[in-house]
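Labels run A, B and C following the written order; every chain starts at residue 1.
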């Protein structure tokens, strides 16, 4: 009896010590995750009360829309609006907040006031894939191209390639992204008619599914958006990669390598690229995290049904809960991605001390 | 090396598929109408149009093509045409006792008492006004089942539209006959009765589908006590008690969130394919006029941006667009596509400035002075050259409506303000303002006003820029705010706006004066911050309404309060109506609550290469930018208003006037 | 008497040395063609900003009869939809655009760099707090905050506009700088400073800053472009008064009036090209300065 009790005691002690050691060893990670969670919580709270402070009454705005749509008097429209909206104007802010947080824990990001059956979850399911499709393809292409060209040009700074790259960076860095998109649309869609000017696929003639016309239509419609995102972002990556490479090229070990007679190409591939990529990794992480918020202006120009457009429309119509949910999701993604980058970075760059 | 090859090959594959998509898509949507389609731009909000009734559609085009009522009125002309009804409504007077069962014994007793009929013989003599509407024999729902009077009955008792405030009962006399029994104490005149019924989308509540909601609501309504306060208005003149209201709302909410398996409507087209940015409607083969409708498909595109819309129109993807197009843009569009035609029609509203009278600087004298500052003709030319300049202050209704509903004498007596900056200076100096080198000063400080206009409404935005420039030239510093948050900010208690530029008078429903006055009272009066009765005012008729009292005219010493009459306008007879409109309009114009710049003109753009039957051919065959705006009452006035789908919904398509131009 | 004389001689010597070294640096800096080109164009813009309104005064009156005129000698860029001269509009708008762009970039860079260096160098709890704040600013979108501010205030000076814009742009820079500082902290030459007991100020200003300097300069230029476009967004929400001379506002207005009208496309191109030229000049200047002042960039 006492022997088993003693065994149990010692087992508990050992387990306790192991858990404590686990926490201490990885306290770096837990601290980071803890900070991330606190930031997320603060963001939700700030955002919730921020949205409520914006002037405007959701019922009134909806009534104005109904009135214009159906040609009825404002009073009648207001009556209809208060019946149709799933919104209780008498609910005070704090109970709404707790109801919202409760929903969060159950995985529901926010129900719409304006439409029944629509919530942040359903919107994410239908709209997020399109945003991610276009943005991430563009991000990968532009990152890839930027790193290649930046690295190449950093070595031959006197050459003509550098001058062309500089000119490209200057021009694409000055034109705002939606204007670049607009110019592309004017040239390729309006004048030349090679690509459609809006939409994600042609719903009149194709049906979604794994059939050839649908996939072809999707790619055909995605070409201009991806092209414009890429054109806008590549310049940025070239610039940063070139700057970073130049910094690396001034290092001693590069001089030593050249002294040893290694070719430019080897230096570039073996030494320069990996070292220069390090600061770009954080930028890539930040940009990737930001993708989940969507790009409102670009999506508006291409009428591409993505998340950014949805968020800004719903902010204007004051559909608070859904907006809350969508922004929470994109904020969470930003924080998660940044956290991942923070955690991975020490693995890539051993020079950075943990903590 | 291998990595590079892989990347290049992937790139080539992607590019190829993109180009193949080119061939898979049908982008030969120009020239003649090869697929009997009618395409237009519309807007809808979500990812899931499953609900019946208009609660979740938010799709403007559904109101035109899919959903119908017994009758429908054409906005701005008040023409009424039959959709589900057969022939015109018939107004008769019937003995009230024969409707005792449908109105309820308690209601019958109440009205009998009010009409001083105590004995059975007197009660038997009582009469009510009844409007009989016959339904088309071949009117059907979109699933093929007959549309019956019971469905109309279900609509009225479920939805409680505005017209039901003036009724005591709706009776389904037989399968295809509906009778509306009007409230003997609040009976509108015949024209208004028809207009009220023509506002209702009665082809939306199918009794079989919704009986589990309609029947309980009907019972609650019939069990609600009859309202004894003649100043109050409610559906069927019955006001529910608190527990009844809770039950009513619960059932109503359940009704609005219920999603039936098909989109319940009766219109000539029904929903087929739906995506986030495109909708396809197909022809309803059960429609009563199906063989006269030539269009097989309606394509709806969504658009975020006017540039997208204009491009869709000029490349022939879209056949119809309603709305004002700025003059130079319009001319470029017409140049780029020889098939486009632009017709213009009056908008029952005026664009102008409204004053925020809560700001201490904007006293009555100052507001009067402002009437003289503006060169209204130039603002009109800048914003909408096709419109008609108006020299009036805010009247409560557009100038053309004022002319129709006011007496000639008092309409001509309304003060018009010409462009006279000297007079403005004189009036401002009288108010204590001083003009110095760098502008106007009041109370020792430089005058600086905020002028706000909605950024999404191009006419207002351009007029705003022009008005701001004129005010600056006059010497008043202006902060021009072009904002997307205009409608939320303007009615706020401590709004930062001094001047607001948008509509000053607008009629959203039929042109009977109540429409305009209602809009003024509910929307613009709140921007102006006119004093209102509190929401919990003891007199519920006046609670929440504007506090405006006007003097009588021509020696009449009575005072007329706006809130007293606003709800009872429909029931007044014509001569009294004219006098009241005279009183209110004159009173409002003397208050100078706003400045009217011009009465707006809107337009419909049509592709005559793809649509046959567009009216006013003698005008557009000569000049496709038709600047002729027909005068009120002429034949052309009615014809051109019908082409605007916002005004007339499905008139041109349902009756087969528009046909696809598939020739050649 | 002689003490005062010695004092003046000392002052004179220091000043002379200062001027000589200043002159030498100037010569070095301006030997680079890129720097010269960028500086000249920048000087031109500043000149236009200050004196342009006097040479080509802008008449804000609307003259609707003369709208959409083609370019002519009197109206080099034509007129817009209200009959105003586009060329003079742009000249009048140069000063506010430059102010907005410069100040916003300065605020962004200063706040981002300071917080980034502090966060990366000091580490510990300070680092975590600053990272938390950065995360919050990165996650909350600017649009609703602008809407909220629009209800309370109206911005009327370019500097306050610049401040509002920079609130959202410093976060990304702060992160990137922090990471670089964290990496540099472990490098040999920084470690040596600790061994040699050099003051923290010396480490930050003499060792860390020059290494991140080129990165900062590039971000400065990019921040300027973002500021110009953000100022338009702010105007459209009603947070700042609509200024028809603001280049971004001209671009946006031409876009919303309908680019199907080629006149609008032309009106859109003028300020756009001006922005491109300005940005390119700044980039050239930045690259030139970088090359001359940064010892690592000595061309191979």
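Just so it is clear, contacts are C-beta pairs under 8 Å (C-beta built on N, C-alpha and C of every residue); 3 or more make two chains touch, one makes a residue touch a chain.
Remember, predicted model here, so these are calculated numbers, not experimental data.
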| item | value |
| --- | --- |
| Farthest-lying chain, centroid of Cα atoms versus that of chain B | C |
| Winner on C-beta contact pairs when A-B is weighed against B-C | A-B |
| CA centroid of chain A to CA centroid of chain C, Å | 26 |
| Geometric centre distance via CA averages, chain B-chain A, whole Å | 40 |
| Between chain B and chain C, centroid-to-centroid distance (C-alpha), Å | 48 |
| Chain B: positions in contact with at least two other chains | 307, 311, 484-485, 489, 492 |
| In chain A, residues with contacts to at least two other chains | 54-55, 182, 190 |
| Where chain C touches two or more other chains at once, by residue number | 147, 151, 255, 259-260 |
| Chain A partner contacts - residues on chain B that touch it in the complex | 7, 14, 17-27, 45-48, 50-51, 54-56, 58, 60, 63, 75, 161-162, 199, 201, 249, 252-253, 256-257, 259, 273-280, 299, 302-305, 307-308, 311, 315, 484-485, 487-489, 491-492, 508-509, 514-515, 518-519, 522-523, 646-647 |
| Residue ranges of chain C touching chain B (in the complex, touch as defined) | 60-62, 64-65, 67-68, 81-82, 147, 150-151, 154, 156, 235-238, 241-242, 244, 255-264 |
| For the chain A and chain C complex, residues of the former touching the latter | 31, 35-36, 38-39, 42-43, 46-47, 50-51, 53-55, 155, 157-158, 166-167, 169-171, 173-176, 179, 182, 186, 190, 236, 239-240, 243, 246-247, 249-250, 278-279, 282-283, 286, 289-290, 293, 296, 311-312, 315, 323, 327, 330-331, 334-335, 338, 345, 349, 351-353, 355 |
| Of all residues in chain A, those that touch chain B in their complex | 54-57, 60-61, 64-76, 78, 83-84, 114-118, 122-123, 126-127, 144, 182, 189-190, 193-194, 196-207, 212-213, 215-223, 300-301, 303, 305, 309, 313, 316-318 |
| For the chain B and chain C complex, residues of the former touching the latter | 306-307, 310-311, 314, 325-326, 328-329, 331-333, 336, 378, 381-382, 450, 452, 455, 458, 462, 465-466, 469-470, 472-473, 479-486, 489, 492, 496 |
